[in-house]
Every structure is written in C-alpha cells, then in structure tokens.
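Per-chain numbering from 1; labels A, B, C and D assigned in written order.
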Amino acid sequence: MKQARIATAWLGGCSGCHMSFLDMDEWLFELAEVADIVYSPIADVKEFPSDVDATLIEGAVTNEDNLELAREIRGKSRLVLSFGDCAVTGNVTAMRNPLGDPLQILQSVYVDAPDRDGQIPDAPGIVPALLPEVLPLHKVIRVDAFIPGCPPPADRIRAALEALLEGVLPPNRGEAIRFG
Amino acid sequence: MSDTTTRAVVGVSDRQQGEHPSGDNRFDLIDKHLKRGRYAQDQLIETLHVAQDVFGYLSEDILIYVARALRLPPSMVYGVATFYQLFTFDPPGDHACTVCTGTACFVKGADDIVKGVSNAYDVPAGETSEDGSLTLKTARCLGSCGLAPVVVFDGEVLGHQNTESTLELVAAAVGGVD
Amino acid sequence: MRETRSAVHVSFDGVEYEGYAGESVLQCARRNGVTVPSLCFLEGLSVWGGCRICVVEIAEDHRLRPACATQIAADMEVKVETPRLRAYRKAILELLFAEGNHVCAVCVSNGKCELQDMAVLCGMDHVRYDYQSPLREIDASHPKYVFDPNRCILCTRCVRVCDEIEGAHVWDIGFRGEEAHLVTEMNKPWGESLSCTWCGKCVAVCPTGSLAYEGRAIGEMEHDPAMIQRLAVARNRGEWLYPGEEQ
Amino acid sequence: MAAPIDLHEVMDREREERFRTRWRVKACASTACMSAGAGATIQAVEDMVEREDMELEVQVIPTGCMGLCSAGPLMRMMRRGGDETDYQKVTPDAAKEIVRSHVLNEEPVPEHLLDTTMPFFTSQERVVLANGGVINPDRIESYVAHGGYQALEKALTSMKPKQVIEEIRRSGLRGRGGAGYPVGSKWSLLAAAGGKTKYVVANGDEGDPGAYMDRTIMEDDPHRLIEGIAIAAYATGADQAYIYVRAEYPRAIERLDRAIRVARRNRLLGRKILDTNFSLAVEVRIGAGAFVCGEETALMASIEGRRGTPQLRPPYPTEKGLWGAPTMINNVETLANVAPIIDRGGDWFASIGTEKSTGTKVFALAGDIVNTGLIEVPMGTSLREIVEEIGGGVPDGRSFKAAQTGGPSGGCIPAKFLDTPVDYESLRELGSIMGSGGLIVMDDEVRMPDVAKFFMEFSMDESCGKCTPCRAGTVQMHNLLQRITDGNGTRRDLRDLEHLCSVVRDMSLCGLGQSAPNPVISTLQYFRSEYEALIDEEEVVHA
C-alpha cells in the first residue's frame, strides 16, 4: 500500500502543538508505518514538497513568511488542517491585535522598554516583516478541518490523524473541538 | 466625588434661600425642574436634558447630582445617559457644525461634506477640535430632505450644501485652515 | 409541592414530556433532562433573553422563540435540534467569540467556562467572522476581584444579581451597540465603588472568565452560579439546599 | 373650573375673521420652508403690511407644510370669496412684490407662480395633511374653524367607547408606523384589558432617515394629534397619555406642549372634558437620540426613564406596558387619521385606498427626484405615479434605478416593479416595507451595495446592544459590506453575508434587529450583479 504523505508546519505559534504531537509517543511508530512525514519542523526538510495528502499547520499567520508558506502549502496539499488554537483562532499570537500598529508594538518592546541601546530588528530577507494584524489560518487560505486546543491533547491529534488515514475528516463534535 | 458635588448634593435636601449650596446657581435650574417633576424617577431623561441645556454637557458631578436627587443608582444614571446619542460628556466647541447624514442627504453626498470638514480641521465626526473652536457632528435625519444635503451651522439650517460651501461657512466663523 | 401544579403534555424533538403550567420551555426542558443550550439565563434571576442561544422552534407556527422567556402550553411541540437552529446557534457563538478577546488558553476559567462549553455543545470549531480585537483594559482595582471586559459577553447576570439579590446595583450597562459594556458607578474603577459590598455574587454567576477572584491563574477559577438558585430557594421556600441539590 | 370651549361659537368667530380682509396671505412656515428662508419672507410681508397701512386689506397667516418642500418658501394669495394663487421660491423681495401686485393691481407675479394643476397637487388626496397650508398651527381657533375637535365632541356626547372602536374597525385603519397592525384590534385589546390605570402613547419617535411626516403633523397640526389621542383614550378607557417625541424635533415639542396647555384651558383635555365624565391627562416625553426607541417596548422603557432596550414579548404592552399597566402605542400618523374617521365615518375612510390597505399614506419624497416634499396619496397608488407624475421623475437626464422605502428596515425596489401599488402587502412581497413613509428615489449613479452599507451602518450604530445577533451581527455585516464595497470582498464573504442576513433576521430580539438585514437582502435580490462585480473570484484573499 502506498504510504500517506503527511506534513506539519509551524507558523506563528509556540511549537506547543508540535510538542503535543510528539506526546503521541509510541503511536508515532505506527504512524510511520503507514505515513511519511514529508515536511515538518521536526524533520529536516528545507523545501515544502508537492503532492502532500494532508498538512497540519500550527500557529497563526503573523508575518510575511507565514503568509507565503501558508499559500505554498495550500497549493501543494490536498487537505489543510488548522492545528491548535493559534491556527484556529489566532489565540495568544493574536493578542497583539487590539494594540494596533505592529511598528508601535515593536517600538515599545525593543526601544521603549528599559533596555539599553534598543533597536527594532531590521534585516530584510532575514527577519520577516509583521503583518498589520495576526490572522487565523482560514482567513488567508482555505482550511478543510480544525483541530482546536492549546495545545490539542495528543489523543485528539491521534484521532484526527487516524481519521485522515481512513480517508475521512477528523471528528468535529464534542470534546474534540474544545478550545484552550 | 469632588467638593462641588458634595456640596451640591447636600443642597438637595437642605435648600437655602439665595445662593445654591454648590456655589453654582445653575443647579437651581435643575432643582426647579426636579421639583416640578416631583422628583419622579421617570423624569431622568428630561432632567438630563435640562442639565445639558444649562451646563452644555453632562459632567460626572452633574450625573451624580441628578442620581442622588432622583434616588437612582449612579451606575444606572450613567447607563441611561450614555445610551442616548444626544447626551454629551465633554464641553462643546465654540462653534457647532452638524451635517445631516440621513438617506436623502447620503444620496446627495453628505459623506463627502463630513470628510471634507473632518480632514480640513482635523476633527473626527462627533468630536471637538483640539483648540475647542469647532465641534463636528452628524445627525441622523433633520427631516429637511427636500433641501438635501443639509448642514446646520450654529443653529442655522442651510440646504443644498456641498463641501466647498460648508468649508467656507466654517472658515468664516472659525477661521481658515493653514 | 409540584404535584399540585397542573400538568400538560409537551414534546421536545418529538419525545413526549410532562410540563407544568407557568413553567418556561427552558425550565421544563431542564427538569426533564433535555439539553437546551443557554447562556444569559440563570435560575433565580429575572429573565433577560439577550444571548439568543436558547432560541427554539415552536412547531405550531415555525416561529423561533427564546426558551427562557416562552411559557409552556398544552401540547406544545418544541424543536431544539434542527439544522437551522444548529446553524444559527453556531453563528451566534461565533459572533460572541469574534466581538471580545476570548483567548481560552490564557483564561482563568479555561476548562470551566460556560461559553467554552457552549462552543463544544453547539459544534463551533472555528469562527468564520473577523475578530474585532477590541482594546479593553482589565480592571484589577478591586482588592478581591478582577474584571476583564475582554471576556464579557454582556449576559447581564452580574447586573441582575447585584440589583435583584444583593440590592446594591453596582453594575449596569453603559453605552450601546458594539460600544455597550459593563460599568460601575460613573464608569470608575471597581475598587473605587462606594456601593460594592464585596459579596462576590457577580463573580459567582459570571459564565466566563470576565469576573474572577483576584490571584487566580489560568484555569483556576471556578464559578458557582447555582448559588443563586439555592439562595432563591432559601428565600422563597425556606429550604437551605447543599450544593448539588438544586433541581 | 372654566367652561369648556364652544366649538360652534369659535367657528363663527373665525369665519368672520376670515372675511375681515380682502386678502389673506398664507405663508408656509414649516421647518423645510423655514430653512429655505420663509422666516425672512414672512417677516418682510408683515413689516410691509404694517408700514404701508394695509392691515385692513391684508392679513398674514403662517401655516403648516404645503407639501412641495423643494420649491420653498411657498406662499398663497387668497382673495376674499375668490381665487387662490400659489407662489414658489418666494424671497422677501418677491413676497413684497407679490402682495403689492395683488392688492394694488389685482395682478399676479408670473416669475414665482406655482402651477397647482401639476400632478404633484392634483394626484394627492389629503386626509392627514388636510390642514397643511390651511391653518395656523399656533392657534387652536384656526384648527377648530376647520372642523377641529368636532369628532371628539361627537364621540364623547353621542358614541359609546365600543361604537368608537367599531367605527375605527370599519375604517380598516392600520398602523402607520410600519408593520400595519389593524388599529381597531389594538384598541379592543386595550379596552378589554383590566386594571385601573391604562395608558395611550403616541409614538412620535420618527427615526427613519428620510421620513418627516410625523414631525410635520406634530408641528403643523398638533391639535389633530391631541384630538386623536383623546378619542383613542376615550374608546379604550385610558386616562393618561404620553406623546413620545424625539429630541431632534424641538419645534414639535414646543408646539405640542403649548397645544396641550391650550387644550386643557379649553377643557378639551384634563378633568371632565367638554363637561362629560371623561378625563385625560396628556404629557410630552422627550427622547434623547436613539432610533430603537421607536420600538414599542424600548419606547416604554425610555418613557420610564431607562435605557431604551427592547423587552421580550409576550407580555404585550396591552397586557403589561408602562409601569406594568396596560398600554397602547399608536404612531402619530395613525392617530392623526382618527378624527376624520370619527367625523366622516369608517365607511368613508374604507372607500379610500385598497381593500386591505385603506385610507391614504403620507410619504416624504426625497432623493434624486424633481419634486421633493411631503405627499399624501390613497393607498394602492402605484410607485410609478408617485415617482414619475407626482415626483416629476428623475432630474438631470438620469434614469430611475430604485426606490427605497421603510428606511433601515426596508428595501430597495427596482424599476421593473414601478407599477406595484403601494400598500402593506405589496411592499412586503417585494422585500420592503411601508415603514413610516420615507421614499427615497435613487438614480442610476447610485451603487446599491453602498446603499446597503449605509443602512447597515445605521442599524449597527443604533443597535441597543442587548441581543447578540443584532449587536455583533450588524457589526460583522457592516464589516463584510465594507470589504465588498472596497473591492476586496470574496465569494466567501458574500456567502457569510447572506447567512448573517438570516441569522440576524430570525434570531434578533426586536424589530430593529429583525429588519436590519432587509436593505441587504433586497439589494442582493434585485441588484446581485453589482455585488458580484465587486468581489474577487478567489475564495480567500484577505491578507
């Protein structure tokens, strides 16, 4: 049987969702038998491959790199899933939104804060520019299913993957969709 | 609560002849209205109207004064006052420019007039310019739709206005823009 | 005492139950173990009817009515779970989540929140509308409690309990529309309130993490809205119930 | 207690006064003409009459609205027992010339002549506005001279309350505030309600932008409203009435306050009205800028001095209204129809208009149309007649695109439905409503999604904030409309917008929320291509 091609990606988030992914422990070995992890922050792959069956995206869309990667993933994945509260709602990552202009936020964090010689990081091509506001993933690309949770517990991730491997969308009822 | 209010509030039950206990005789006018309405709690909105007519706006002191006179919870008085659009909590500017934004005026370009004055004098609609010279307001519908777009400047209703004519009007009273 | 009330037949989603005259649709459903989602309603307080989560369909005329404010009538057929109602409830929850800053992950009530529970119950797994991201300052001026307006859904339970049960009327709603928010006296910090009795009932009834005890960390806050029901029973019937004994 | 007014004596006296001078100058002093400069015009004529010793020849009478507001200031020269000549755009100088020319030379002044044979005047049927341009609103005698308070006298002295209600029922009169509930049924409900205290409330919180018929009635014919209220109270057993007026109408408030005082002095209000056993106190209550207060339960909350948030129904106001007592709320225009019905009979009224929508309706005609102003036509008149004939069509060589009725709760009716008769049912079928009677004509330059956004902004700003769908739903709908009209919308935005229309319509607590999506729904229905042209084909392009 052909191996399923699964990817995970990490946008504006704390990587907690990926930690929870690793918490699936020995089931990861079972997963490896039926699926290839073709792209992931926990796998050393530089380019996002094409022809991916399903991609789990952690994190909100907060800068230009996130946006670019999200669009690339959408173009190369049959299914895209918002993985965790940041991707689903913006969550903690989006807590800057009420404060408005990101430049002012950078100013207050890097310059106005009691820090000597503070300056706003500015390295075009290396440090990506922040978007005016942090957006949940489904505001920038089409998303097929949502796995809320901060982070989603390991068994919730496993249930989602099991469903995907069976060719259906993850459960979207009951405790499977609890935020927080 | 400031000293003024404390004194004013004492005055509700302890009226003296002559000067109002608050030291501000304008409170007399509120007292007169309250008395005529027999301090009925349903007179709240009318009383706030009177207070705003007298003082130009509703300060915290005035709200507390009215709340105590009508024996209403302060938070309720605050809730009622802020519910209604016509009550204002800041002193108004020297001149008031109200642009009608009813449907007929909208169809005839009232939005541009608001934007024009707002940009020229750096005053958002509903607020007063920093130097206190101009308050820019919008009105729901002044019912003079036949004259759309309508502008009211310092109480005078003017029909068939446009951005230029309105700016001229404002400039004549407030002074031009640099 | 209940036995003396006249009973009528009602049905919820086609299943027959017994209802009592004078009972609301919501009360009848709850008593019979039928789940009707709701948020602003709280047994023991006056009916507000603002959240619209408990809206059900009355078969007779297909009209949608809030279960909290609709009286049971004989042979009433109530529909709770229809595709339309499910879609509407979900939309309303999305609207609530989008208008405040409900960041569950860092909320004192995470895991014990009625709004969060309601999202689970109604199958809301994401918000399709734009988050409004309002800028609202937390009021931590009270020595015992914290008010976080970011998490307020304007259910007015606190306003009602303070006015109707405690009699202090510290809280009210100020402004209107999307600007509407909870205010204390003259919109001053809660800690400066002259009428607050520190009784904590508003905190007990809050369905979200908006009103909480000072010093609670994420997920540590537990509310006790049923306290008001026990209080009402004690006042009206002279019976002092233990927690969990509420009907 | 002073003796009540002798209506017939006043009529005789007024008739004499009418014939005292050879000329009467009636000048429209309603708000629209005043803002067009009528104040100076009237002043100029009065000064001239005094200076040139014409008092025995000419009397100047300021009147209420003559209707054609776009041609103001309006003036009418009336010869004793003879012809009338109407003038438009009468400046102070023109006015003096007109009066001199008539009085001295019996010659009209051609430049300012107003053609009263045009359909704007001939196609109207004035019941509610019958006194517009006729009486001096400041004088009760003027109202009485034109048949005022006859209906009240008739009701009190020769009809039982039940008969009054029956007459209203026969007339088929329906609420003029929007929904069109049968007035007779409403009155019966209040009459049947128990309790010692009952209230009648006149709803003068005319908030629809573009509608000003209620203001005109309150300002220009206040006694007609008071008479209607008194008859309603008599029929239903109420002894206290309120007139709730929006604070934006200071002139109406002043006029009503004075009219109430005068009516009381003449024993037309107060204790033992016209020496019968019927007593009624009427009080004006003022709003403070909240559209939602036009909603019955919100209005009552406001009268009680609270936030104008709507309450759940049932209980209905006629069961539990103001301070828990049975209360009936009627719109101002509705009540202005009452005296004529009692005067001339329900059958007469029912003979005007259509079978289900009887009588006339006042519309405020505005927007891209030649003749703007207040018109009154029989129910069932076609939109085409109103727009093309009475209104004189769309100016500047442009073409008609849509007529907006019902304000933020109504919809936009496209050209293909111009032949629709204007009545409650027909307008509802088209996705609009009668509303209070604002009728805004839009030409082909107007973009309909912009119109929808305009009204959504209105509803959003005016939402009281009590229920979730209206408070938060209107914000999201406005947000989506903003994006779409900015050209940044997507197909999904359009889908979300349509879904929200249903959510807000079906789930909101009160009429404001329930009808807030109407402008969007109707423009989507008739002008969908304009939305489609604005949106991007892409599913998601927000960032």
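Some notes on this structure:
Heads up, the rule we're going with is that a residue touches a chain if its C-beta (ideal position, glycine included) is under 8 Å from a C-beta of that chain, and two chains touch if they have at least 3 such contacts.
No experiment lies behind these values; they were computed from the predicted model shown.
Traced through touching neighbours, the fewest hops from chain A to chain B number 2. The interface with the greater count of contacting C-beta pairs, when C-D is set against B-D, is B-D. Centroid distances built from C-alpha atoms place D farthest away from chain C.
Each chain gets one centre point, the mean of its Cα atoms, and the points for chain C and chain D are 41 Å apart.
The distance from the centre of chain B to the centre of chain D, each centre being the mean of the chain's C-alpha atoms, comes to 26 Å. Per-chain CA centroids place chain B at a distance of 36 Å from chain C. Work out the mean CA point of chain A and of chain D, and you get 58 Å between them. Annotation for chain A: residues 138-139 touch two or more other chains.
Shared interface positions of chain D, i.e. residues touching 2 or more other chains, are given as 290, 307, 464.
Taken residue by residue, chain C touches two or more other chains at 128, 130, 173, 175-176, whereas all remaining positions touch fewer.
If you check the complex, the residues on chain C that touch chain D are 47-53, 55, 64, 66, 69, 71, 84, 87-88, 91-92, 95-96, 98-99, 128-130, 132, 153-154, 173, 175-180. Interface residues of chain D facing chain C in the complex, by the touch rule stated above, are 290, 307, 312, 314, 460-469, 471-476, 479, 492, 496, 499-500, 502-503, 506-509. Chain A meets chain C in the complex at residues 82, 85, 88-92, 94-95, 97-100, 133, 136, 138-139, 143, 146, 148, 150, 172-175, 177-180. Looking at the complex, you find that chain C touches chain A at residues 97, 101, 103-107, 110-111, 113, 116, 119-120, 123-128, 130-131, 133-136, 219. Interface residues of chain B, counted against chain D in their complex, comprise 41-46, 48-49, 76, 79-80, 83-87, 101-104, 106-108, 139-148, 150, 157-159.
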